[in-house]
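Letters A, B, C and D mark the chains in the order given here, with residues in each chain numbered from 1 onward.
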Amino acid sequence: MTDSIVLKLNGLSKHFGPVIANDNVSLTLNKGEVLALLGENGAGKTTLMNMLFGHYLPDAGSIEVADEGGVLRPLPLGHPQVALASGVGMVHQHFTLAENISALDNITLGSEPLLSLRRNRRAARRRIEGIMAQSGLSAPLDTPVGRLSVGERQRVEILKALYRNARILVLDEPTAVLTPQEADTLFENIRLMTDEGLSVIFISHKLREVLAFSDRIAVLRHGRKVGEMATSEADEKSIAQMMVGAETPELAGSYLTPGDPVLTMSGVSVAGRSKRDTLTAIDLTVHAHEILGIAGVSGNGQSGLANVIAGLVRPEQGLIKVDGVEIASPTPAKMVRAGVGRIPEDRHHEGIVGAMSVAENMVIERLKDPEVQSYGLLRREDIQDNAERLSKAYDVRGPGVDAPARLLSGGNIQKLILARVFDLSPRLILANQPTRGLDMGAAAEVGKRLLNARARGAGVVLISEDLDELLSLADRIVVIRDGELHEAPGRDREQIGLMMAGEPA
Amino acid sequence: AETVKVAAIYTLPVEQQWISRIHKALNAAAERGDIEYVFSENVANTDYERVMREYAEQGSQLIVGEVFGLERAARKVAKDYPDTAFLMGSSFGPVGPNFSVFDNWIHEPSYLTGMVAGAATESNVIGMVGGYAIPEVNRLMNAFMDGAREVNPDVKFLVTFIDSWYDPPKAKESAIAMMDAGADIMYAERFGVSDAAVERGVKAVGNVIDTSGDYPGTIMASALWHMEPTIDKAITNVASGSFEAADYGQYSFMGYGGGSMVLDEELVPADVVEAVNARQAEIMDGLFRVNVNDDRPVSDN
Amino acid sequence: MMDILNILLSESFWAASLRIATPLIFGVLGALICERAGVLNLGIEGIFVVGAMCGWMAVWLGAGLWGGVLVAALAGAFFGLLHAILTVPLGLSQHVSGLGITLFATSVSYYTYRTALPNVSSPPRIEPFQPLDLPVLSDLPFLGSVLFQQTALTWLALLLVALVWYVLNRTALGVAIKAVGDNPDSVDAQGLSVYGLRIGAIVVGSALMALGGAFLTMSAFDAFFFGMVNGRGWVCIALVIFASWRPGKALLGALLFGAFDALQVRLQTEVGALVPGQVFLMVPYVLSIIALVIAARSADYPRALLTPWFKGQR
Amino acid sequence: MIRIELRQTQSRAFTLGVPILSAVIALGFAAIPLLAAGANPIAAYAEMFRGVFGSVFAFSEVLTRATPLIFTGLAAALAFRAKLWNIGAEGQLYLGAMAAVAIGSGVLDITGILLLPLIVLMGAAAGAAGMVAPTYLKTRFGADEVVTTLLLNFIILIFVQMMLEGPLQDPMGLGWPQSAPVLDQGMLPPLMERMRVHSGLVLALILAGLAQFMLARSVWGFKLRAVGENAAAARHAGINVNRSLFGVAILSGGLAGLAGVSEVAGLKGYLTADLSPGFGYTGIVVAMLAGLSPVGVVIAALFIASVFVGADSMSRAMGVSSFLADLVVSVSLLCVLVGGFVARYRIVRASTARAVS
């Protein structure tokens, strides 16, 4: 069997300042195999892969990669171009695409001699088209990448790796931004390629796809490898246990009678700049004690809906009432005052001011509050106390409330936002992709908080691309498509999926 | 006699025409051994007062410079250092006991070069490119225009100010524009004008310094400024302890040798040379007074 | 009104516009290359001065005109390299470094000039570039005098517009430069060196800027003066944005600017008495702002402009 | 392979030592031009020191030169905090100066005590007005303020020249492009007999302290920081981003306008087109050296001013070209810039060979 090993990581360690991101991790990958790499947020998965690809230099350890003849050879560390040349391709957790050039240019970037006065774009295009046909992954080649959808960008990322003749493909959370359907297609295509001899390591927090598509599972915890098993022998429970070292709670919202409407939107229209933020005459009611799930393929108007409820966008037409009171020309501040808590989709970009302290981020929505300021001056002690209290209550862990918020991990940033939102006891909560990119423990925490708020009497608008999440949390589901809302007839996975895709229910 | 310690403070580099004349006279005095000469060039107006005080503190006996941008402050400094002699280019009058002024009063030779230009133009259009429309510049331009009109009543003038003391490429562009508009003689108040004249094969008239060596065959005549009479007079006064607040402007007049006119006899017809020389003699003898007019000159349309 | 029309129809007006535009073309191309790679180069004003001084000085010392051009470019490249080291691997503030380079380059030039020529009373002159008098072409009715009476440096500038356009849009290097200015990670992930691309772009861009300065002392004029650059570098920074970082539009912008300047000079003699001359001087700047406002809607910034990038860091 | 890492800890000595060391290294570099001109560097440095600390007069001159730099430095620092790249302090300075002479030269019939406050207020207002259009164009049309403010500098300077040859020209000025002088009761009182340092410095220091306090302690400062660090998040959180931008724009422009007031009503007495040798641009450098901290601006302004005044006086004492002063300032600036980097980061040498073995 040894001759089929294509990759060996030997005792890799890496620290960032005091953080030990990887501690003596060893791993092997076989030819044609799909290895799933699992672990909580911050377990060190990305770091490990970045060392393989040469972005990071390990503190200790070595890497061996099989050459075309299958002979393992040591990989010089710290040079992405060497990794690429040795057949290692990586699809990063965050897109590494230049948006001002075409997909074709992104794919061929770095593969041609820089100082040549001519390019052979025709040959490149033919090769890419070949790869697209073979892998089933396709994307428009001539449009600037900035205008592609996330799904298309994800495929361009993979095409980039394949174009460089990757024999080992690393996919870091490739499906985090894809719909279930897109994810399934992606994995089917990957399967096609592994049959041709490609070996794949993929990182994911979605256990369903891990169980469905991987051959083998390796689990990291706190930078160490804590287990490895064949997927056929694994189940959700055992994996989860291995990842967090404890059992995760089951989520179950008992039925509650819906109360009065807390949000009413009637005939709301927004002419957005793209399909993502366009809404056409939307009618929507959310009641107290109710979680309304918004399902849909990404880019069908979710952003538009979220922006309107968050107060970021003023609708051209229509009426919005919160708790029965009409909100004329809404702004974020008005919405907060009306009792709307907002959990933004992009927590780094819209949720926090990374350079400001955790404590400051916790009061950023209530600067008029007499507990926060008097005579225009900040009450620093009260702000501090508030932060200590919320950190404890919501288990926000990090280097302290005075540290810049950007130092928190993704999960803890989300907890900070939850604390800020829930502490104001909002009447309505807008939760836009609240668990995206979170590990299971953190995701369960978010779900629990939403259910608690519902129990308390709040209404919740939950926008998610994860149908499983919607099905487990929402009392009622509507589907958004092309900026219009369609009531889902029942809670049937298949049927909702079809509605999302635009077929008559 | 003892050497006099002289410091000069210029707001522009010493290549600038106007300043170069002072610099030259002081260098000459230093070479003769009459003075010990130090200078600071390109001193911003903001810093000028500090530099004056520094030199005064360091024991300079005579401080030479130009205070057009800071008349008030300069007089204040002079008051604080009554034992130091100040000789400053200025539009205003002297202040006792120690603040004297000078200026480039070369309207007389300018008048004469105007006569040369007026006689030479065939298109009857003369172009004039100036820096800023300030009295010192206007005065010379007006005298030049008067001179030209004396010999050629039909002559018209095109006037532009480039709003900079120092932008030869821009002055050159302005000159080219004027020649496009028909000027066949250029009054070169700024660097750059003569270059345009050379390019177009047109004649030019110089101002303050003699550039005929740089543009052979182009400069017909130049009105020259000589600071030597002014500087030498001041040095003598300081050395003898008789320096007083006075207006040294007259030492720039032709009569004192502070102004002169040169012309290129190969480019100027003999009859014109004769007429100019006659006029020059009258000026020297005090029989002819060139009008002093500080108003901004404008183009004839 | 007739006057303006006459002016606009005259060959010499267009020739002057192109002549005035030439240093701007060099400068705006240089700034464009730097910014395409993601680095703002406010050193441009000083690099103009260095180019003007070094190019002229080299010729004056006997290097020959093209030797002077080469020296100017090298001097510009040197100061570009300095800016590149400070802003790329060290990631220091591009604003401060740029303004620092401007101050440094300017004062080094002036100091060197003055120390080398302590006692000149008028600036020494060189034999500058002469208009290229091409046999038949120069006699063409209109284009003849507009285009074919320019010096070789103006031709070089026009050639460079085409070259820069070609490189940016038709070569792998150009794609990489555009990519590194948009998202350095995209380049890094494909095995190219972010530092290498950026440093290279700044060095080359700065060399071009220096040529803009050299044009002033070796073609527009024949001597070096203090303060002769007079804000031309800053104008290029504005023109880059006007041009939306495209060489074609950069040429257009520079020409427009040159045309206004040329028009201003011509109108002033006519109506100088009625309207203060300064009104004309303001026009190109005001128009640049208006053009910017119109262009701003579509202006797509190099997204990574001003943001330093460190290898192996989040 | 060499990599750059943020320092985790920083000793106090290190924080203080690095800037000093940078300045010393800068002086080392400055020896090159000195030697090139045939001067003795050691003697030169002694002269430079004397030029700064050698006498009360010398130091008062440093303070005089630092005063406008504190104003323009604050103008840049506040605006940059909000990521409003105001490069136009130079123009706003002239607007302030124009307002000061327009009001202060006796056009308005105002009694003594009121004149000075009015000059200060109107100067600030004029500077602030200079930021309104760029900010409007930015928030409304997305027009880049770096360019608009930069271009406005040129426009304003030309406008100043026009005014100085027109309505603002001193009728007694014999046609020179200069304004009538500010009345005596409109002048900022000097702080010391026979020295130029004036009470504009006090105003600058008070404003720096106030800015520091407000940034850290006020809701206004909170909003400003939030907008600057992440405008999208600030907007999402209910902060009116445009209003914050306008607020800081007006403050920034006003501070730059005060630089003009202070130069005209504190120092020169009237306006000419060469009032400022680039104080607006130097202010940007000051602000960045100060890490955009208002108190830091005071220190950075004093640093730049002393290097300039010291080097300028040294160039005279040594008989080398006075362009040396700018040269020394620029070299110091670059060295301190790099020094600041060394203080924040460390350069790590990681050997690839070891890792492979």
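Criterion: a residue touches a chain if its C-beta (ideal position, glycine included) is under 8 Å from a C-beta of that chain, and two chains touch if they have at least 3 such contacts.
The model shown is predicted, which means the values in this text are computed figures rather than measured ones.
Chain pair with the highest count of contacting C-beta pairs: C-D. Centre-to-centre spacing of chain C and chain D amounts to 27 Å, using the average Cα coordinate of each chain. A separation of 45 Å divides the Cα centre of chain A from that of chain C. Centre-to-centre separation of chain B and chain D, using mean CA positions: 37 Å. For chain B, residues that reach two or more other chains under the stated contact definition are 41-42, 163. Counting partner chains per residue, chain A shows two or more touched chains at residues 57.
In chain D, the residues that reach two or more other chains under the touch definition are 3, 5, 158, 161, 165, 321, 323. Contact annotation for chain pairs lists A-C, A-D, B-C, B-D, C-D, with touch applied as defined.
Within the complex formed with chain A, the residues of chain D that make contact are 1, 3, 5-6, 8, 217-220, 222-223, 225-226, 229-230, 232-240, 350, 352, 355-357.
Touching chain D in their complex are the following residues of chain C: 82, 86, 89-93, 95-97, 99-101, 103-104, 106-108, 110-111, 114-115, 118, 231, 234-235, 237-238, 241-242, 276, 278-279, 281-282, 285-286, 288-289, 292-293, 296-297, 299, 310-313.
By the touch rule above, chain A contacts chain C in their complex via residues 50, 53, 55-57, 79-85, 90, 92, 94, 96-101, 105-106, 108-119, 160, 164. Only residues 11, 38, 40-47, 49-51, 53-55, 57-58, 68-70, 72-73, 80, 91-92, 132-135, 138, 163, 294-296 of chain B touch chain D when the two sit together in their complex.
Within the complex, the chain D residues that touch chain B are 55, 57, 61, 64-65, 158, 161, 165, 173-178, 181, 194, 196, 263, 267-270, 272, 274-277, 309, 312-313, 315-317, 319, 321-323.
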